[in-house]
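Shared between the two complexes below is chain A, which pairs with chain B and chain C, respectively.
And then the complex of A and B:
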């Protein structure tokens, strides 16, 4: 039981990084990124390929952030004039392109067979149990660090410009802010964090394949950010843990419903996820920890 | 005040977490034998997984009614892999860590099986699968993986042998980029060259509206048999172009691509005479009959026949080892699946024989169920059919 809890918390931590990434770009700059799974995949593959080629794991993870961020900049250049729904569709397409490349470029990604045997740092020294605890601490430490950096960012002038762009890009431009540049930086940071999450996932699982990066993952993260509270890092953080608690917790409900076949229990789990999403949106559309917008300082009379 | 409550909270939650862990540990030693199914109940494999899980439950219900295994009842825990390796790993962790199952059966998608496999060999849990990718049994699995699905090497060999049987000297292989195209072609080549023939390969893009240039290449090779390795949509287009080019030799394809739907969609003269091959359940075997009686399904799909065999063999392996741990199942698996023992066709029959001290050899609903060291099946039956007047005629099951 204990190792299951440790595993679930580690997964939640990785989901948490993805939620923070989405919160920065969606909650901060108001850009809807449905391609989150794509950036996650880019980071995972970058770190996996590099470490399988003999690069030390910490360097490979760092490189995954950089590759993720670079891909983010590329994707933003291509979509710089798109907003709202159009941007959302293009980013969704981006994630599918990443998945198709991973499927077909066998020389690089080993195609649909995926990449097994990705090095897990210190696993041979610590043993499976010790590794699980070590990795949980590592993921939580990184999650904590990213969380505090993003909170700092949120309160900084850069964060305020982001939110100004979210509310009205033209007005922000009128106030002398270079909206394009700010959006580019924000997207790069967000994609870098998603890439970092992907790298951590790859080294934890030791196996990745194109099937890992289905759009379902993006939906889970949207669920996390929406239920936690869009626009507030603490909300995204909380939301990710709630989503894992919910996804894993519903497993144990099946035994309480007698007379259902396994197929029906699985279907009811999916319905519960949908129902929870609806309830959150209906009862608390601003999320559990809503964004706090501080009032402007009172002007001196 | 806040200090105390936080401390109290931490202490009580630690106690709570501990109390979860303790009774489960204790139960795992004394209670029923636990085995798990990890089939796709939702997602792309959704049409197959629920029937598979229910079949395992039906087999175990029968065994429990007859007194269980080693005098203990057997409990089946079914989880959903959602046809997704990420979700599959979470489900497998729950089966292994919380339920403490000694075997996981029925993983379907190759990616899910590969993702779940390391958890199984690290925790000493047996994994039986219906996935076909060659790479799975090449993993460093220490014997913890067994699969009942013929791998692509075996399928390729059957294709090769059949082309030789058709009298082919020159075989032309056409396929889009699939995980199995390469290994299928190299196996065909091995068999055909051993019989003194020659082969050529062409990999095409499966989204093209026409295959004129590809068919030109085919015609230039002047083959006796063309092997089509594609899926239904691209094979439909390709067959039209092959007919238009005036090819008069024989053609051989997977039964899942040249199926009734394709035959109905194309003019009769285009598809006339095509041969098809598919892995076949051992229809007519005693185990197959037992399965149809147990589930009430007249023609169970291949995956259902395979998981039926898996649960039968797992239960017998536990009985033969006298121990319900994953490593015991691994060590005694091949003593019940193959060898010179008494042929048995269900777990009930096998458990009775094992209790009487006899050696057993399981012959299943999916085939003879004999395994190599790596965990692949040695042989399985295939179904050979030919299109005649717009309908499939059975040539043989062998």
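And then the complex of A and C:
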């Protein structure tokens, strides 16, 4: 039971990173990125392939961030003129392309068989139980650091420009801001964090395959950010843990319903997730921790 | 008299319909120039071309001796050429204070790394800017709504925010597109006072306005646009005495 809780918390930490990534780009710049799972996959594969080729794990994880960010810049360049729905559709397509490449480029990704035996740092020293605890701490520490930096960014002048672009990109130009540049930086940063989350996932699971990067993952993260509160890092953080709590909780809830086979129980979980999303949007559309306006400093007379 | 802004043979149309048909005029440094003309004369289109909303099909815009015709809007703002919008525009969920802060130009703290690392230069500039924003808010009597999101303000307050953020950009010239449209007479008079005060501080102003008594009070010279080009220019008394201007506005001939 304990190892199950540790597993859930580690997954929640990784989801938390994804939620922070989405919140930066969606809550911050207003760009709907439905391709989150794609950047997650890029990071996971980058780190897995590099570490399987003998690169030390910390370096491979770092490289995954860079590859994720670079992919993000590429994706933004390709979608420079797109906003709103169109950007959403293209990013959704991007994630599917990543998955299809991972399925078909066997020389690189081993196709649908996936990549087994991804090095897990210190696992041989700590043993399975010790590794699980160590990795949970590692994920939570990284999550904490990323949260700290993103919160600072959110409250900074850069974050203010980002929110202005979200509200009205053209008007931001008349305020003297280079909207394109700011969006590019934000997207790269967001994609880099998603890549980092992917790398952490790969080394934790020690096996990845294209199946792990279904669009449903992106939907879960949208659920996390929406329920937690769009535009506020603390909201995304909280939302990720709530989503995992809910996803794992329904695993047990299903068994309380009488007369359902285990297959039906599994299917009903997806329905419950959808239902929860609807309820959140209906009852508290601004999320549990909604965006706030930080008051102006008092003047010194 | 030196011209701060010059427009030469500006041409532009929408969907094949010509709106500007070779407009040429100059805005004198230090003046409040009125830009008047009947509906469809091309006043707003001219202002849009000058501020960089779109690139004109032909013609040239020169600001402070520099050709800015094809410059992105943001660079014009950084040069000190700022505008307000006819329908007050804003970032709905940002507060009045955040609006004012956004219009500070070349803020080092807006850099990604400066913000991420909370750099010294950025913090200092942010503090200075905050003082400036608070004083602008006091001046425009927006200090009691400074933390309100702009979407929650009244129409008149939104107009004041437009003036305030133009001020924050440390402008050399402000283009006002009907700052008093849809505003009650009291506030309208208040806005007029602000314009006069800004002008007295050395800011060159270009004002599009339909209320002729306001134009008479504030503007000298007045440029009359009609059918996409300049018809005449002079003091308010001169241009209203011009038979062509009367005809353009009233659509009747005055020649005996």
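The rule is short, and it goes like this: the second predicted complex is superposed on the first by the 294 of 301 C-alpha atoms of A that agree within 3 Å, B and C clash if a C-alpha of one lies under 4 Å from a C-alpha of the other, contacts with A are read in each partner's own complex, and residues count from 1 in each chain.
Just so it is clear, a residue touches a chain if its C-beta (ideal position, glycine included) is under 8 Å from a C-beta of that chain, and two chains touch if they have at least 3 such contacts.
All figures in this text were calculated on a predicted structure; none of them were measured in a lab.
Enquirer: Examine A:217 and indicate which partner it touches, taking first as chain B and second as chain C; both and neither are also allowed.
Expert: first
Enquirer: Just checking: does A:262 make contact with chain B only, chain C only, both, or neither of them? Give me first, second, both or neither.
Expert: Only chain B; A:262 stays clear of chain C.
Enquirer: Considering only the touch criterion stated at the top, classify A:86 as touching first (chain B), second (chain C), both, or neither.
Expert: It touches nothing on chain B or chain C.
Enquirer: Between chain B (first) and chain C (second), which, if any, makes contact with A:185: first, second, both or neither?
Expert: second
Enquirer: Under the stated touch criterion, which partner chain does A:248 make contact with: chain B (first), chain C (second), both, or neither?
Expert: Touch status of A:248: first partner only.
Enquirer: Scan A:206 for contacts with chain B and chain C and give back first, second, both or neither.
Expert: A:206 sits against chain B, while chain C stays out of touch.
Enquirer: Would you check which partner chain A:128 touches, where first means chain B only, second means chain C only, and both and neither mean what they say?
Expert: After superposition on chain A, A:128 lies in contact with chain B alone.
Enquirer: Between chain B (first) and chain C (second), which, if any, makes contact with A:111: first, second, both or neither?
Expert: After superposing on A, A:111 lies in contact with chain B but is clear of chain C.
Enquirer: List the residues of chain A that touch chain B in one complex and chain C in the other.
Expert: The overlap between the chain B and chain C interfaces on chain A is empty, containing no residue.
Enquirer: Of all residues in chain A, which touch chain C in the complex?
Expert: Where chain A meets chain C, its residues are 149, 152-153, 156-161, 163-164, 167-168, 171-178, 185, 189, 291, 293, 295-297, 299-300.
Enquirer: Could you pull out which chain C residues touch chain A in their complex?
Expert: Touching chain A from chain C are residues 51-52, 72-75, 77-78, 82-83, 89-95, 97-98, 101-103, 105-107, 109-112, 114-116, 118, 122, 126, 130-131, 133-135, 137-138, 146-147, 149, 165, 169.
Enquirer: Which of the residues in chain B come into contact with chain A in the complex?
Expert: Touching chain A: residues 17, 20-21, 24-25, 37, 39, 41-42, 46, 49-50, 53-54, 57, 78-80, 82-87, 89-91, 93-94, 97-98, 109-112, 114-115, 117-118, 122-123, 133, 135, 139, 177, 179 of chain B.
Enquirer: Can you check the complex and tell me which residues of chain A touch chain B?
Expert: Per the stated touch rule, the residues are 1-5, 7-8, 11, 104, 106, 111-114, 116, 128, 205-207, 209-212, 214, 216-217, 247-248, 251, 261-263, 265-267, 269-270.
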